[in-house]
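Consider the two complexes below, in which subunit A is the common component and subunit B and subunit C are the respective partners.
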Partner chain A sequence: MTRFILQRLLSVATTFFIVSVIIFLMMHSIPGGPFDGGEMPLPPAVRERIMAQYGLDQPLYVQYFKYMGGVLQGDFGVPFQAPGQTVVSLLSQAWIPSLVLGGLGVLIGAPLGILLGIAAALNRNTWIDYLASAVATLGLTIPVFVTSMILILVFAVWLNWLPSSGWPEPHKWILPITAYATIPLATYARYTRSAMLDTLNKPFVTVLRAKGLSEGRIVYTHVLRNSSIPMVTVFLPMFIGTATGSIFVESMFRVPGLGLFFVSSIRTRDYPTEMALMLMLTLMFCVAYIISDILYAMLNPRIRNGGRST
Partner chain B sequence: MHLVEISDLEVSFPQADGVVQAVRGASFHVDAGESLGIVGESGSGKSVTCMAALRLLRQPPARISASRLNVDGTDMLAADKRKLASLRGRVAAMVFQDPMTAFDPVFTIGYQIGETIRAHREATKAAARSEAEALLARVEIRNPSAVADSYPHQLSGGMLQRAMIAMALSCQPRVLFADEPTTALDVTVQAQILQLIKELQAELGMGLVMITHDLGVIAETVDRVVVMYGGRVMEEAPVDAIFDAPQHPYTVALMGSMPGLAPGRRLVEIPGGSPDPSNPPSGCPFHPRCTQADARCAAEMPPVVRTGPQAQAACWRLT
Partner chain C sequence: MSVIGTEQGRVSDLVHPAPPPAPPAGRQRGPVWFAWKRFSANKAAVAGGIVLGILILLAIFAPLVTKTGPNQQAFLTQALSPPSAEFWFGVDDLGRDFFTRIVYGARVSLTIGFAAAFCSILIGIPLGALAGYYGGKTDWVVMRIIEIFSVVPPLLAAMLLAAVTRGGFRTIVIIAGLFGWVQVCLLVRAQVKAYKEKEFVRAAEALGASPGYIIRKHLIPNAVSPIIVGFVLAIPLAMMLEASLSFLGIGVMPPTPSWGQMINTGMNFMYFYWHMAVFPTAALAITVLATTLFGDGLRDALDPTLKGT
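Here is the complex of A and B:
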């Protein structure tokens, strides 16, 4: 198992390197630069001096290694959109709302989705199943910003129960968390249902019945354990959903989180901030990959000890 | 009282476009210590019959009715879920066709055998586990401890089938249903497994129901044979009588299609195919393929007539 984890870590490090190069190149391939001016163009001499100050006049590979060298020491540079701060200080305030709201969304949505999926699978073709399918389909097909608007319209405008936006008071979290939770809830409801039904139709379930096990034991010990194997793979799409969702959810609910910086740093060609955000996202995915791989191996003996031992 | 008693069993599966009638009135019995073979082609209803006997078919969709469906004195049709669970594995156990898919892939063999023991009587995990090893040794597995620690994917089909037999015998059942236990195995392993089942049956004094389409298996393992076709019992007789003097035209044709009786003899196939279970033929289900059929065979199901001691058949030719 230790070797397995080390292998994963090595492959993640490689992925991280490749992705960082691609992002860096793509970022710089967008026409225009941070100090091109727009309404108030800088005099060429001044502009060149600033470019030199930030090292932007050097060849790209030098810039890349300089930046990544800094990153390895925890220095993500100075944001062009707020030159008085560092990228770390700029983002360190912003990631708290994103993490709290997104994290709670997943922590609440995923278990609810799993329960809904189990209920649907065990009551196939009843109203519970149809309800679960409807919830899952709506949750996956309606974009988060539409869900957010509906939530605001119903709970803030019509019913006037909750504020439409804001931070940091906890009662203002309820609507954005709900918006976040729809994705993991829908994803998990769908996957749990189909994984459970798939497992329930396996021949070994009949053998378990023929052994005289109770239905409860069959479902909660055997079927759920087997179904959790494919469900682990859903961990990743859920991360994508939450990360990209933050861009919409945070602007809908006016949460001062990371989502806004994704957009603003690209628009202003704020290379250090953009790079820091993308690296963070990459890291999140890599961690998600490692966790799913480890869970997968823990749950699935066919991967854990591949060979024939007897 | 017979150990297993089935009378007029009917099993059907409603579909969107009609009803599949898998079993259309099957009757037979098994006594303690006796081995009964149920033979028939695919679709004859033999597996469904045994699944129905243990109530292992999901209802719905399956519809089961019988004038009698008793296992060890318990009316299986009247028994509730809890009663059924306590009977399965303890009084009546089953060995399935494909050992490769019969075990839960995420638990060890030892765990799964121990689990059966613990489902039916008080035992600590450790005790159940060591009992599982003893059972594996009993089905002639040479390194029971290593096998008990193995996951299903680490073992061969023959090894798994032995383990499934060990699991089935873990609570000393009074009757064992074996549903084509050798079909998925290599020919060399088949004979070993049959031999093992036969020995254990004699040793434990169990009733045995051996379901198969392989007449060779029947000849080697059982005392009495039930021949099924189109969801009905065509003939029932002691094993010697079935091979030496088959009475029903279907049984006669089946024997003619079996290789190995007389070297150099040409095998005779039975023309036509199995009846469509959602639209079975009228009268005797075999009449469309039977060389001796006449108008009456197509119109009316023949009655069961006695053809010898412990032997009966359903054919108008024998009335």
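Here is the complex of A and C:
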């Protein structure tokens, strides 16, 4: 098991390295530099000195390692949109809303989705099954900013029950959390349903029935456990979906979280902030990747001994 | 399939001792007939197909169903007026008929969807066929490329690419194609792998056919249903990508009508001019949903074994 974890850590670290190099190169391939001066062109000598002062005259790989060295010490540079601050101080506040809203969304959506999936699998071709299918299809096909828009239109504009935007007061959380929750809800409803159906059709369930076990015990002690592996595999796409969704949910509901900064730094071409956000997101995905791999290995002994999870 | 037909014939022989001299043993029913049968039994897929068909017709004949060009500010004095008999979807903030904008938006969305799906199969088919046919090292390389593409979340990478290139129609098509080919590639690879051991391929090899000839003439034609499925399912993904990027302001640039962009504008007006937000939202949701349902139905109909992949 330790060997398996080390192996996965190594391969994820490699991926992180490759992705960070790609992001760095892309940021540097953007035409135009900070001292090219449109309105106030600098004399070439001055420009060269300033470039040297900021280390911009050195080869790219030196700049990369310098940057990453700074990142390891928590120094992501200075954001263009707030020159008096550092990227870290700018973003340190933004973690909280993203974590609270996204976290609550997953904590509410995932169990509801699992329950819905179970109910659908146990009552095939009844209204609850159709409801689960509808929720899954709608949630997985319609982009989350459209879902958010519909929520805002219905509950804020027409019914006037809830505010459409804002952050600190808890009653303003309801709509964004609902929007977030649709992602895990749809994902888990679909995969729990199909995993349960798969297991229910296995011969061992027939044997259990033949032995006279009650349907409840069959479902709760045998079928659920054997259906849990697909639920774990879905964790990673669900996490990525929710994290990417935060960009849209937060700009829809004007929540001052990481997603809103992601959009604003793209709009204002604030490259240090965007670079930092991309690196953080990649790191988060890598961690999620490792977690889901480890969970998967714990549930499925066959993977531990040399196989691959995907 | 015709075997089943004759067997049923025999059963009915036993039930009715003297059948009239062979009402010509039933038509030979090919796989297309069975696929159609399965497809038409799927109500959601048929509805999706019909809606998609209507949308395609609207997009093609956009100049005929609308009164002005998409960017013509013909109704400036009536800007922001709500839906009425004259303006079905109202007028937008810049005095353009909103129904016209939505219909032309379908044109943009569908064009990007189809073009990107075409890009996806253009990359996916050759790579999938090569990986499936040669196996070994070629397969390893292709699978590693796929792995890189599946680790990076497409939307984020697309946002970064779009931010660097500043969006635009062509860029979006390329980005969507770049992240849409993986599915097609995997489907083609699986199909080619399954067929390359079959007798007719062996026979072609024995007759001295070159690998390129075998792939082109024997293997790819046999992979046509996964290719169709991959193509159709790539369309909604590309449309969603375009809408998402345009919503963030890094996709299709104004004044080109794009639903994502209109939703973004509509947000600023929704409390007083609800039509600005409702119609693009509904248009995008309906189109993506219809295309996905149609694609899913097609997948289940063409190859029931692919279900759920």
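One rule holds in what follows: the second predicted complex is superposed on the first by the 273 of 310 C-alpha atoms of A that agree within 3 Å, B and C clash if a C-alpha of one lies under 4 Å from a C-alpha of the other, contacts with A are read in each partner's own complex, and residues count from 1 in each chain.
Throughout what follows, a contact is a pair of C-beta atoms (placed from the backbone, for glycine too) under 8 Å apart; a residue touches a chain by one contact, two chains touch by 3 or more.
Please read all numbers here as calculations on a predicted model, not as lab measurements.
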Joint occupancy of subunit A by subunit B and subunit C, clash or fit: fit
Which superposed partner A:Leu299 touches (first subunit B, second subunit C, both, neither): first
Partner chain in contact with A:Val146 - subunit B first, subunit C second, else both or neither: second
First (subunit B), second (subunit C), both or neither touched by A:Pro43: neither
Subunit B versus subunit C, judged by how many residues of subunit A each one touches: C
Which of subunit B and subunit C A:Arg225 touches, first, second, both or neither: first
Angle, in degrees and to the nearest 10, that opens at subunit A between the C-alpha centres of subunit B and subunit C: 70
Subunit B versus subunit C as contact partner of A:Phe204, first or second or both or neither: first
Partner chain in contact with A:Leu138 - subunit B first, subunit C second, else both or neither: second
Which superposed partner A:Gly212 touches (first subunit B, second subunit C, both, neither): first
Minimum Cα separation, subunit C to subunit B, after superposition on A (Å): 5
Subunit C-contacting residues of subunit A that also contact subunit B: 310
Partner subunit A, residues of subunit B touching it in the complex: 54, 56, 81-82, 85-90, 93-94, 96, 98, 101-107, 115-116, 119-120, 143, 146-147, 149-151, 153-155, 159, 164, 167, 171
Subunit A residues touching subunit B - in the complex, by the definition given at the top: 202-204, 206-215, 217, 222, 225-226, 229, 299-302, 305, 307-310
Touching residues (chain side subunit A, partner subunit C) in the complex: 15, 18-19, 23, 26-27, 29-30, 137-138, 141-143, 145-146, 149-150, 152-153, 157-158, 194, 240, 243-244, 247-248, 251-252, 262-263, 266-267, 269, 274, 278, 281, 285, 289, 310
Subunit A-touching residues of subunit C, taken from the complex the two chains share: 147-148, 150-153, 155-156, 159-161, 163-164, 236, 240, 243-244, 247-250, 263, 266-267, 270-271, 274, 277-278, 281, 284-285, 288-289, 292-293, 308
